[in-house]
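Labels run A, B, C, D and E following the written order; every chain starts at residue 1.
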Amino acid sequence: MIVGVVTGNLWATKKSAALLGQAFLTVRAGEKSLVCADCVGAGEGDTVLVATGGAARVAAGREIPVDAAIVGIVDTES
Amino acid sequence: MIVGVVTGNLWATKKSAALLGQAFLTVRAGEKSLVCADCVGAGEGDTVLVATGGAARVAAGREIPVDAAIVGIVDTES
Amino acid sequence: MIVGVVTGNLWATKKSAALLGQAFLTVRAGEKSLVCADCVGAGEGDTVLVATGGAARVAAGREIPVDAAIVGIVDTES
Amino acid sequence: MIVGVVTGNLWATKKSAALLGQAFLTVRAGEKSLVCADCVGAGEGDTVLVATGGAARVAAGREIPVDAAIVGIVDTES
Amino acid sequence: MIVGVVTGNLWATKKSAALLGQAFLTVRAGEKSLVCADCVGAGEGDTVLVATGGAARVAAGREIPVDAAIVGIVDTES
């Protein structure tokens, strides 16, 4: 998984039917920015743990077309 | 997922049988360009949300040999 | 998917049993070179569409240990 | 798989329910840092073998939303 | 798949139970070095074909936590 910071939201009215109601957040991780399905109720400025690939669908709990999901809000990294 | 802009179409007459009838669009995302199965009816110039890996097959709704799919047309990113 | 150009063949006598009879082609895509299972009868110099990951096994139509496959021969990109 | 060194722990109180009780370690591999589910009882300073993607869920032995797991503690590399 | 050269072995006494008895080889492919499950009996100095992701588990023939496997020993590349 990677650690990043939530920088905003993304809205898409026209999308795959399976994504209706799914919240998307933009996460910056180092030089890269990616859009994640939010599975924990994260908000802008939160430091989050992101899982990618099939793990995102495990996090979503259903077969939706996502390849990145926020799976935790980071308290501390030592 | 990543956000990109549709830059054009790709045609391939000779292809895997499972891809017959599948529209392909070229999407530029930062420095990278990738070919995506279009699952939402996107067009050139649209800013789109792209899901990669197994998520592309979830988006297609069937087991076709694609590893990237357009799953939404982006309204706004904040 | 990515677009590349077939640059040659690869032969491996000693290989996983499941790969017997499978043709492999080397494809150059930008700076990167990768070896692909050929699923459409491509040849040297062809511009091809390559699918990676699980999509390669979908293209092969069976569970063989490949992570990249040629799934189309590109006519035009606009 | 990649080889890296455990550099610390990561704590996330708010996370996907399936991740309750799962230990996370931060691993540095070359220039990259990633967060791994610990499946072997590794500790800070250990040189470890990390498997990514679906392999991380195989290592965990259950369908949890992780994409990287420590699957071994490296004795020697020759 | 990618082509690389076997540069050595990796030993890990403490590892996921499913990896007991599995040989690991270090492979250099261009600038990158990765650890692969050996599925064909390769040795140091061999030029090999490496499959990554789920393909590595297909090569292993069982669900073990590996994400890269040597699936062939390269005779010639043209």
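Operating definition for what follows: a contact is a pair of C-beta atoms (placed from the backbone, for glycine too) under 8 Å apart; a residue touches a chain by one contact, two chains touch by 3 or more.
Chain-to-protein mapping (UniProt): A, B, C, D, E = EutN/CcmL family microcompartment protein.
No experiment lies behind these values; they were computed from the predicted model shown.
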{"item": "If a chain touches subunit C and subunit D alike, it appears here", "value": "E"}
{"item": "Distance between the centres, which are taken as Cα means, of subunit B and subunit A, whole angstrom", "value": "20"}
{"item": "Distance between the centres, which are taken as Cα means, of subunit C and subunit A, whole angstrom", "value": "32"}
{"item": "Residues of subunit D whose C-beta touches two or more other chains", "value": "53-54, 56"}
{"item": "Touch-based graph of the chains, sorted into line, ring, star, complete or other", "value": "ring"}
{"item": "Running round the ring (origin subunit A, first step to subunit B), the chains in order", "value": "A, B, C, E, D"}
{"item": "For the subunit D and subunit E complex, residues of the former touching the latter", "value": "1-3, 39-41, 49, 51-56, 58-59, 69, 71-78"}
{"item": "Subunit E residues touching subunit D - in the complex, by the definition given at the top", "value": "8-16, 18-19, 24, 26, 34-36, 53-54, 56-57, 63-68"}
